[in-house]
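Two complexes, one shared chain (subunit A), two partners (subunit B, subunit C).
For the complex of A and B:
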């Protein structure tokens, strides 16, 4: 099979090369060819041997790390609908609930994922072709994260617009993956958030009412309840940890996200410094508010912040985006800590938005280069002082 | 000083050379190759068919005409090899006469530099920054010699120096005369020959300092040692010289005759019997390779180590500064879904492949597993070139007080002031070899650094 496929690829390759019939598809062809086979290119200069790891390997591992949260999120779409829809029999057998909820969520989620990938990859392929680059794998991750962090009821045309905006304005205008300074997935979410606020959550989040229609009902998220002056979220800590609560599609389950985090940390793809410092920052700020204790929200035990809203998802999958986070190790500590701290500050003190994670990460994305600059400046100063001492 | 390097990576490559000398087949041709010397602009002094004696100049560098590049053997200039734009690639000499008997030793201490330059020995001295042949008018703040190379399959310092103690001592003495500063020699802690001998010399040579260096590669790189002992600041110059060239220099001082010897290891997975060879510098490797190549095709022949060496052809020559010839399988194959499989046989430092957990592990189980799944070391690029995406990896294999990613980026955009601030003068491309190896975006970092250094050097001229 492998040889057959290889021969087939070699046979059709000239069609897409310079001088063939379809040269304008060469980047696209190249992307699919290298998807099937790691290419036979050998080193030309410099180190004769190279590590087997490449961008495809790294990115696919992030996609795999997203799967637990994605699968749970799909199930939770159905489960939330079932809770609000009397026609569902929640007390029926466990397996029935497991499968019917998942199937419902899967069918709701699939169009979002397809639209996100088709629109985003289409634009990526186009830019790669214009620039005569290879297609960058970065969007494999971005394209999956975007549908995971928007409400499931988001109209597809809005999603398509948001993806196009994120890819073009958030990334390609700067030169593509690796050159952007804002996390493209969050750019997409922010685009929806500010352009179509009614379709995004206010203090409540939309839950799908039925499988095919665009009707939606609202459910109260823990963040929304706190925002409205609650003393504690109505969901129990355990529910919030497992994730059987309303929220953006895949952000609710701490346990599924932690599974992904474990994979990212074990493989070394994501920075443990960023993850840890985001949690530390959130924790310290939460404790500080506990100490002040001026209102009910401030008195909320600090660990609630980790389980409410998109805090964990942001810490594990968004703050750790290697392109837009700080690049120096010391900088990563500062960057992550401030994300956690700002997220909690925005939640507790800002009256306009219930969730602060998205804005905290985007804000720190903007400051990451400055943090790095300060860290590197210390190294530069040390080097310059060395000359003075010796002279 | 005892230096312990923590950051780095030891890569296990099959085919380490056994500690014995192989019988050298007849070698006819010897070459001096201008391309071995960074930034040099050769001016030819001989023509084809001309008779030359060992120590006769073949060409010189237009930048510093007093430094001559000399033939290591007596013979006839066989060919002057030129490449594109008539660039001089090599001058090949066929050895045809018995070596002339040794003449008088050198006895005029005030003219050491001149003598070394004229006899061709000076080219063994390289300066940092820039990696070019040292300028005889300079006075370096220190001279560094490394006797503990750590790259995969490197020649064993004790083995190649055995029996050359007298010449080595003379060479060290000569070097001490070339600088006001220290002469640093870095050995392995368990060195049985070089270290005890050098320590015995310390009483006589007050400038000589002997250090021990341990830890993973690049602990043996001279750049790592300079950074740990006496880092280079802007405007300062440090010289480096190969261990065997110290002995060659001593030989020249003792006998007055330029006949540089090179003991090199022939190693790697594609070698029939990996062992050591003793030849004259610049020797043609064709007769040795004829005997030792396992396969005739799909082989990468490298003069030097797997990270920094130069690709040569089957009739190539030993590089001027190399003491290792590595033979690797070419990686020109397709790997079906290579990016998706668990990857027990992948050569990887990253934990994204299962084998990444075994590399460099001291655990017995890991060693056992890696015996059953030997990793494939070959020249495949393993992916496509991308912009930098990940950060924080280079720091794990880069034992300098320098931010590697930031320096590389500064080099790519060509910002000289930023590069100076970030420490470009302390590094050579070889110091970035491990970064280049582990880089998932497959950037040619060593070329980037070399080009940046050349830009700065030309700017300063």
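For the complex of A and C:
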């Protein structure tokens, strides 16, 4: 079957090459060819070989790492609706519930994913054609992450607008994948958050009321409850760990995200330094607030912060983005630590935004090049001082 | 004549104070959330730049070089106060909306920039035309920004509820909150610069 595909691609290749019938579609053709097969071109100049895996292969691994969170998120969408909707027969068999919840969530989630991919890839292909370069594969991951970090009731046209904004303003204006300094998925979320705040926060957006339509059932997230002056989130720690709580579609379940994290760390795609330091930063900041203890939110035990909102999802899948995070090892520690710390600061101290993870990562994305610069120039200085001594 | 015409037209596009010289960004972010204040601001700046260029050019041979900045400032401040009084007398509501930004025309880089770069070394009539051109060049961008930000941010144009009359809200459309905020104005200026440079390759840096 693979041989057949290879033969087919080789057969139609001349049509898209220089002198063929459709040369202007060459980037589109190239994108699909390298999606199916590892390209047989190799780097000829210099020695920049870092890994045997090319970018498409590593992006696929990230998508696989996202799957546990995605599948759990789909089930949880249905489960949250079932909990609040008496017409669902909760007493029916476990397997029936499992399946029908998942099916409901799958049908809710599918349009979001399709819109995200169609709009984003459409723009990417357009830019690739105009600029005559290859289609970058970064959007494979971005396009999946965007629907995973928005409320399930997000109107599709708003999502489409946000994706278009993120791809054009967050990425393509800087030269495409690898040149952007902000995480495109978070740019899309920030766009939605500031453009249509009523659809992105509050307690009326997290639980879908029915299969079609944008009606929602009222249900606060743990972060929303804390923001409203709660002493502890009403969900138990176990529920928050498993993820059976309202929230953005696929970032509620700590256990599913940790599964993905394990795969990313085993394959060496994401940096363990960033992940660990984000958690450390959040923990230290949480402990510091515990020590101050001026109000109920400050007294919240620090480990709650890991389980609420998008902290873990951000730490595992977004802070570790190899393009927008710090590149030096020391820089990664500083970068990650500050993300965790700022996320908790924003949550506890800022009365306007219930979730700080998005803004913390975007802020540190801006500072990542500066951190790297300082680390590198410090290293240069240290080595220069050795030269002076030898004189 | 053609030289004078050029003085007037180059600042409109080819040497636009905002998109090419990148001056006057602060006020262009601050006053363009709606079209009406944007237009009033554009006219005010045009009047101030044109008249101050003209007056300074008249005096250019008598100003001692060492104190030229303070002389320029006195002229500009006098004109800005005049403009502010006129606005308060005839369009009080807009004047309220613009608040400090009318007074801040004094610090607008375009005004001082044209005085230093042009009026100090050119004849009055030429300087006047240059001032009008630069003021209108600034104004064009303000009007474009004001139009799009008011349309997508508030759903109105010059206070007229366009989106509502078109029935957009009934089919689920909503106003975009980000467009009202200053960051989006900066992004829009960036988009205008992008479009302009992709049309005019001469403007691109090597």
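Everything that follows uses one rule, which is that the second predicted complex is superposed on the first by the 375 of 391 C-alpha atoms of A that agree within 3 Å, B and C clash if a C-alpha of one lies under 4 Å from a C-alpha of the other, contacts with A are read in each partner's own complex, and residues count from 1 in each chain.
Rule of thumb we're sticking to: a residue touches a chain if its C-beta (ideal position, glycine included) is under 8 Å from a C-beta of that chain, and two chains touch if they have at least 3 such contacts.
Remember, predicted model here, so these are calculated numbers, not experimental data.
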item	value
Which of subunit B and subunit C A:169 touches, first, second, both or neither	second
Touched partner set for A:6, first subunit B, second subunit C, both or neither	first
Per-residue touch tally on subunit A - higher for subunit B or for subunit C	B
Contacts of A:191 with subunit B and subunit C, given as first, second, both or neither	second
First, second, both or neither for A:157, with subunit B first and subunit C second	second
Partner chain in contact with A:37 - subunit B first, subunit C second, else both or neither	first
Set intersection of subunit A contacts, subunit C complex versus subunit B complex	none
Touching residues on subunit B, where the partner in the complex is subunit A	11, 231, 233-234, 300, 302, 306-309, 311, 326, 328, 330-340, 343, 346-353, 355-356, 377-393, 395, 401-403, 405-406, 421-423, 429, 433, 436-442, 444-447
Residue numbers on subunit A that touch subunit B, as the complex places them	2, 5-6, 34, 36-58, 60-61, 134, 136-138, 175-179, 266-269, 271, 273, 322-323, 325, 327-329, 332, 372, 376, 379-380, 382-384, 386-387, 390
Subunit A to subunit C touching residues, read off their complex	155, 157-158, 169, 173, 191, 194-197, 199, 214
Residue ranges of subunit C in contact with subunit A within the complex	172-174, 176-179, 181, 187, 190-191, 194
